[in-house]
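Chain lettering (A, B, C and D) follows the sequence in which the chains are written, and residue indices restart at 1 in each chain.
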Amino acid sequence: MNSLQVTKVNIQILFFGATADITGRRRIEIAIPSETTASEVSKILIAEYPSLATHKLHISLNEQYAAGQEIVRHGDELAIFTAVSGG
Amino acid sequence: MNSLQVTKVNIQILFFGATADITGRRRIEIAIPSETTASEVSKILIAEYPSLATHKLHISLNEQYAAGQEIVRHGDELAIFTAVSGG
Amino acid sequence: MNFFELTTDPIDVTSVARRLVPPECGATVTLDGYARRFTKQKDGQTRKTEYLEYEAYEPMALKEMEKLIAAAKQQFEISWVGIVHRLGRLEIGETSVVISVASPHRRAAFAACEWLIRELKRTVPIWKKEVYADGEHWVEGEKES
Amino acid sequence: MNFFELTTDPIDVTSVARRLVPPECGATVTLDGYARRFTKQKDGQTRKTEYLEYEAYEPMALKEMEKLIAAAKQQFEISWVGIVHRLGRLEIGETSVVISVASPHRRAAFAACEWLIRELKRTVPIWKKEVYADGEHWVEGEKES
């Protein structure tokens, strides 16, 4: 039976600026199926916080820009944010 | 007889940097024939201080760069100097 | 020799520009970016900003700044780069970012400094909020400046 | 709004760069030029400079600086320019010239600052003497820097 169970992994999600305002959070921990990609995580977050979809979003994985197809592993830190505006 | 006399005008000559070192002067007053041009003045100075000829020289007349054909008038201030090197 | 920092304290431009003056160098080019009172909106209206707030994903921002410096040193003949970015609340006119580039020849310093600020605005995870008398707005992506 | 000065006192870069921060501006680009310890000679040898001396035809230098600023403001979309040039004896590493350009958009500030230093070195009647352990030399024309 165990073979049919979906393995879950826990990851940290960070929000900044506009995405922190939308979600009302700066950091959350979520459990996702193993083998989930970074862009799938972003879809899960948009389902939870639909206003995120009104922005062009960027994702980082463990403090590096992510292209989207990266597999997110247990303990990873993923951040989701709008286009940067420093300077 | 007066008509054969050459009218002379007095002008100030300034030297800077290398030209001041060569001439041992920073400012002199000289008398030149009226209707002398700026480049003729520079030739007079080179005759007096031949080492000036070993440098590429620039002339200013009354604090403006001179092309050379300008007539130098009584009381004018002419400077003769090497290529500038500020900055 | 290079440095890259985030700070909530006011930035002194000289302390960045003159922190290192290598003996082979003759020129340091510095960009001082600061909060503008008036900005043009997309609709052509001019908006008056009361103050700014900057927020960063700090560890990632420092990593991206370090990468930028490494890339600049590959691309341009420069000796060192210093970048300091302010975070938190900034009053109008206060410096938000200073980028200084020292090089033996000034041409490379100008080119590298211009490249660095353009890339910083594109890649370093820092966000700016403009606060107006009647609202506020997180800026997304670079405005011209 | 613009300023151009000659001084025998040490120059503080910030006092130039931040002397005017107009409300429509967002960027100031500053060139800090300073005395290099080592310079390459035409024969490829590196020479060690002990200190420098700068001399100017002061009233004409100020006029030429003023002309440069007027020409830069015609050519580039900039708000103001400040130029301060040091005269007299300078130790290695001390600032000889600061040119700051403030503008609403940084691109124009970079272009104008680079143009101004190039033209200053070509036209403003100031001369630099390099003093070595075993001699001295009035520099004629721009060396690269």
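In the analysis below, a residue touches a chain if its C-beta (ideal position, glycine included) is under 8 Å from a C-beta of that chain, and two chains touch if they have at least 3 such contacts.
Since the structure is predicted, the reported quantities are computational estimates derived from the model, not experimental observations.
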Contact clusters after notional removal of subunit D: A, C | B
item	value
Averaged-CA centre spacing for the pair subunit C and subunit A, given as whole angstrom	28
Distance between the centres, which are taken as Cα means, of subunit B and subunit A, whole angstrom	77
Centre-of-Cα separation between subunit D and subunit A, whole angstrom	50
Of all residues in subunit B, the ones touching two or more other chains	none
Touching two or more other chains - residue numbers and ranges from subunit C	33, 117, 145
All pairs of touching chains, each written as two labels joined by a dash	A-C, B-D, C-D
Residue ranges of subunit B touching subunit D (in the complex, touch as defined)	14, 16-18, 20-21, 55-56, 60, 63-65, 79, 81-87
Touching residues (chain side subunit D, partner subunit C) in the complex	12-14, 17-18, 21, 23-38, 92-93, 95, 104-107, 110, 113-114, 117, 144-145
Subunit C to subunit A touching residues, read off their complex	33, 54-57, 59-61, 63, 85, 96-97, 117, 120-129, 138-143, 145
